[in-house]
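These are the structures in question, set out in turn.
Each of the next two complexes has chain A plus one other chain: chain B in the first, chain C in the second.
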Partner chain A sequence: MDALIIIFITGLLGLFVGMLKKSQLTLIVICTGLIAGFLSMFFMNDYESIFSSYNGLSFSRTQQMFGLLAIGLTLLAVLLGYAYYKEDTEHTADYYGLILFSLTGAICLIGFSNMFMFFLGLEILSIPIYVLVGIQKGNSLASEASVKYFFTGSFATAIMLFGIALIYGSTGSFEMKEIQMAIDMGMSHSPMLNIGVLMMMAAFLFKVGAVPFHFWGPDVYQGSSNAVMAFMASVVKLAALFAFVHLFNFTFQTLTPFVSGLVLFAIIVSLFLGYLSALKQTSFRRMMAYSSIANTGFALFAVLNQQFGEASLWVFLIGYACSTIALITINMIVEKETDELSNWKGIGYANPLIGITLVISLLSMSGIPPFTGFFGKYLLLSSAFSDHLPFVILAIIASLVGAYLYLRLMLLSLSREGEGQKLKMTGIQALVLIVSLAGTVGGWLVLLIK
Partner chain B sequence: MEQLNNIGASLDFYIFVSIALFSIGAIGVLTRKNMIVLLMCIELMLNAVNLLLVTFSTFFGNGDAQIFVFFIIVVAAAEATIGLSILIMAYRNSKSIDIEMFNKLNG
Partner chain C sequence: MELIFLPLILGIIAFFIPSKWIRPFGLLASLSVLGVSVAHLIQFDPRNYVLLFNPAEAFPLGLTFKMGYDGLALTMVLLTNAIISIIFLANWNREIASNARFTGLTLLMQFALLGLFTSLDGILFYTFWELTLIPIFLILYWFGKQDNNRALFKFFLYTLLGSLMMLLSFIALGYFSPNYSYFQLVQANFEGKAFEAALIMGGILFAFAVKIPLFPFHTWQAPTYTNAPMAGTMLLSALMLKMALFGMIKWMIPIGFEGLVYLKWPVITLGGIGIVYGAVIAMKQKDLKTLFAYASISHLGLIAAGIMLFSLSAIEASMVQIINHSIVAVGLFLAAGIIEDRLQTRNIDDLGGIAKVAPQFGFWFAVMTFISVSVPFTAGFIGEFILIKELFSAHWVIGITAATTLVFGAVYMLRAYQGSMFGPTKIESFKDLTWNEYLVFGILTIAAVGIGLYPQMIIEFIKPSIKFTQELMAGDLTLTK
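Right, the complex of A and B next:
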């Protein structure tokens, strides 16, 4: 709760500091605020909060871990944005401010305990993103992406709201605990409730970007800038996935038999459609967008696992988000006029840090054992193993296709033909690469501490 | 659902009106080409939700949902603001507000 307030105030402060047009000063203010928010989230205690009597937001141990991860990933996105917007002093502060407001929404969405906070969090998360996607005002691709994201996103919000209204109509409450109680008391066959839950699920599948509602992903990722894309692919996805898993594992847990078939369908189609479409892309961003659709498919296995779903999702998201951010940073360094994959040819040998990060990120994403990506996938799949065996086998086949995709990119960037030239990178980009590399290699060590 | 049947036809009437409004909005979003009409259709969908919430709130006799309606109105205002500014930006870049003109991103 305090972390939320600190981050929001830092966002406002950043907007004012930005008027001085000193991008370095703004960056320092924002990073200090984020680190303060991180520490406050880490040492959080429900009884010593400023608003301890307000029960709309409550953070359990797991929710705290997700909050920490969200703040950490935002810090990386902010650092990436510095390399992008430091010359454009007019808009540096806009970028930071909007990112922090969006993070505020993400934290609401992680800690919600009634529908008010859930809805507000979702909107505070999405509305700044609509703006961020179109932040390059003169770019017609960016404005197209922004238009597409805005209309599809607000359509999904309207559907979600209708679902919430129907759930309220059948249970008579907005509190998660009371809704759960009403469902357990035998409301679970009410058609109104089931239609409401279905509508919420459709909107959730849209927000996390899973098939059948994935179509916006590639367009929006291609139109937005690298830093915004990194934020969307990590923090936005994390918050939406967590809210999805939390809602369906606790509040709607009695409805699992009804929900699980649909979720399994979404998982399998996301996996195959994501990886197979990624294979034929020539643009890096579209390829990452399709790969993130497939990874969302994996993450949705957490919805089917009530006991360890959230913990395994956490480990999976560390691996996924760190390697995605690393690859996007590399794309930022490599990118010329376009983001064609042919730019990547032979960059591995000439630049050792880029080469190492690239190889390890791609190995982790394809699920090779000593890295975090493997542990995340293992935890998610092993929990579904006994109940949904055929689907686990299908998921493993899909992940082989994915491994082919990632290893192909690796071969391309390690090929000797191109005689890759030395690339310029700033200190901050190197820092982001090293931090995300550390997350990819050592993120699973958290499992040992528990 | 059983609870709802006891109150008679009036609640059903409100629910039907609100579902009709919502469907008109949804069909409009899916079929219309003009972006301003799309924005209006989304507002229509949100207002259908408001109507439904107020109906349920009166039916249950507690004010929760009416507070929720205020939240929705505020958010809808914010969304309309953002939507119109995005629309103006898009118009400056492409000189059109026809949603079908936006087809450069694909593949």
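Right, the complex of A and C next:
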């Protein structure tokens, strides 16, 4: 709760500091605020919160872990964007402020304990993103992406709201605990409730970008700047996925048989459509968009696993988000006028840091141990193993397609033809690369802490 | 622990060594790792199980991180370290040896292999199994022929598919065992669930079958070998294939023993087909490296079939044959590498009369050829003889099929030797062996003849380990001897 306030105030403060037009100072203020938010989230059980009587938000151990991850990833995204936004001193503060407001929404979405807070979080998360996507005003692709994302996104939100209304109508409460109790008491066959849950699920699938609600993904990724893309692919996805899993694993847990078929369908279609479409892309952003659709497919296995779903999702997301941020950073260093994949030829051979990060990120994404991506997939798949074996096997076949995709990129960028092509990167970019590399290599070690 | 992590540390250091010093560094690094493993050997009592790393309690997810070795694993560790040193020595006068990336990757490969042989935890085993893929892949990509992407994709995806099947099996094993400790896995109770055991075993077998490679899974091998640099081929055939055979002996059969009834004859049949098929294809090959690749399918089919019998003497003979095959593979691929290096061709039709121009090379290539066709007093003779005998006592058809390897082996190897070394001289000049090549051929020959004269050295060394595994499987294992 205090973390939320700290981050919100930092966002506001950032806007004011931005008036001085000193991007370095703004960055320092924002980073300090994020670190303070991180610490207050980390030690949240050790001190009395000033808002202890408020119960719209509550953080269990798992929710705390997700909150920490969200703040950490935002920090990486902010650092990643610095090289791009420092040129544009007019808008540096807008960018940082919006990202922090969006993070506020993400934290609401992680800690919600009633439907009101949930919806509020979702909106606070989404609206700054609509703006951020279109922040490059001169770029027609960005405007297209922004408008497209805004219209489809608001439509999804409306459906979500309708679903919430139906659920309220059938259970008579906004409180998650009371909804759960009502469902357990025998409401689970009420058509109104079921339609409400279905609508919420559709809206969720849109927010996380799973097939068949994925069409916005590639266009939005292509139109947005690298830093916004990194933020969307990591934090926004994390918050939406967590809310999805949390809601369906706890509140709607009696309805699992009802939704599991649909979720399994979404998983398998996302996996295959995502990876197979990614194979055909020549632009890095579109490829990342499709690969993120496929990865969402993996993450959705968590919805079906009530016991360890959230913990597995956490490990999976560390691996996925760290490698995605690393790849986007590399794209930022490599990108010329376009983001064609041919720019990547040989970059890993000539630049050791980029090469190592790239290889390890791609291997982690293809699910090769001992990297975090493997452990995430392993946890998700092993818990689905006994109930949904055919789907696990399909998922493994899909991940083979994914491995081919990542392998191709790896071979391209490790080509010996790149000898001598040194790329320039700033210290901050190197820092982001090293941190995300550390997350990819050692993120799974958290499993050893009980 | 230093046994496993020394190559990792040295491998990372290697990337930062200037290219002037990298050549001696690689050799010294591999020799020092060999020295460490010899020190372990001296303290080792074959009747014991040495645990290198043994956390008291299991971690979440059933991970235990146990590591350790018995006689079987230590044999493989020593083999790995010796072969890596020999590979560095064999490449001494080549350009590849002065490349820091190559040295570093080879040492990382060594780390992964040692980890694999000493891991006593299912997930750890899987991790190291996959980890070996990365360095070899980069070695093949950077130092192999250009435009070899197709072969590489085939190699990587094929082995990855196998590994994923193995992962599925390990996930399924989690339902039969409280954690992934090797000792728990071996004792996993499949009573009345022989078919489930066979399925689990089948998944693991799939990974191994791709790597060995058994008959219908071999299509990646020949293109990968031909495109690979000499050192890459040596690593692949002398060490990586052995991971799978070791895995069969130590992991697959003890874990899923109840399912062996379903898989025993299918695998032996595939091995039998491989013996004949590999040999027949090898006879028609013109490229020396492709020829040796198919010969390898033939030899390994025999070993795999022998392991599936799971009798004491068959496993002992398999171990002898595993070591012998490593020796032969390094020797023959070195010979092919020498020919390619000096003449830029490996096609038998373009070769001829090398023995006249370079008599020393002719002699040593002949020695390697004889070791490969298992003449008496070499390691191959002992190994193949016992394996064929064991297969014969299982069924006479498979026995006769296996015995053809002796005839066929002689046909294709002598044809290859004759075609390249004798006959009309088609080459102008051929630089004879350099000192390091002498040394490699010498060491290999001494090893092969030494084992051929005194195979008990290995057999007695691994016997207690197999007995121990037998005790571990307590009651549900009947060794034929």
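Methods note: the second predicted complex is superposed on the first by the 445 of 450 C-alpha atoms of A that agree within 3 Å, B and C clash if a C-alpha of one lies under 4 Å from a C-alpha of the other, contacts with A are read in each partner's own complex, and residues count from 1 in each chain.
We take it that a residue touches a chain if its C-beta (ideal position, glycine included) is under 8 Å from a C-beta of that chain, and two chains touch if they have at least 3 such contacts.
Source: prediction; values computed, not measured.
After superposition on chain A, the partners chain B and chain C are seen to fit next to each other with no clash.
After overlaying the two complexes on the shared chain, residue contacts for A:370 are found with chain C alone; chain B is out of touch. By the touch criterion defined above, A:140 lies against chain B but remains apart from chain C after alignment on the C-alpha atoms of chain A.
When the two structures are aligned on the shared chain, A:400 is found in touch with chain C, with no touch to chain B. Between chain B and chain C, B touches the greater number of residues of chain A. When the two complexes are overlaid on their common chain A, residue A:212 makes contact with neither chain B nor chain C.
Of the two partner chains, neither chain B nor chain C is touched by A:261. When the two complexes are overlaid on their common chain A, residue A:174 makes contact with chain B while staying clear of chain C. No C-alpha atom of chain B lies closer than 26 Å to any C-alpha atom of chain C in the overlay. Within the complex formed with chain C, the chain A residues making contact are 349, 352, 359, 363, 366, 368-370, 374, 378-379, 381-382, 385-386, 392-393, 396, 399-400, 403-404, 407-408, 411, 414, 416, 447-448, 450. Listing the residues of chain A that touch chain B in their complex gives 115-116, 119-120, 123, 127, 130-131, 134, 137-141, 143-148, 150-151, 154-155, 157-159, 161-162, 164-166, 168-170, 172-174, 190-192, 218-219, 222-223, 281, 283, 286.
For chain B in complex with chain A, the residues that touch the partner chain are 1, 4, 15, 22, 25-26, 29, 35, 38, 42, 45-46, 48-49, 52-53, 56, 59-60, 62, 64-65, 67-68, 71-72, 75, 78-79, 82-83, 85-87, 89-90, 92-94, 99, 102, 104-107.
Chain C contributes residues 15, 59-61, 63, 123, 126-127, 130-131, 133-134, 138, 141-142, 146, 149, 152-153, 156-157, 160-161, 164, 167-168, 171-172, 174-175 to its touches with chain A in the complex.
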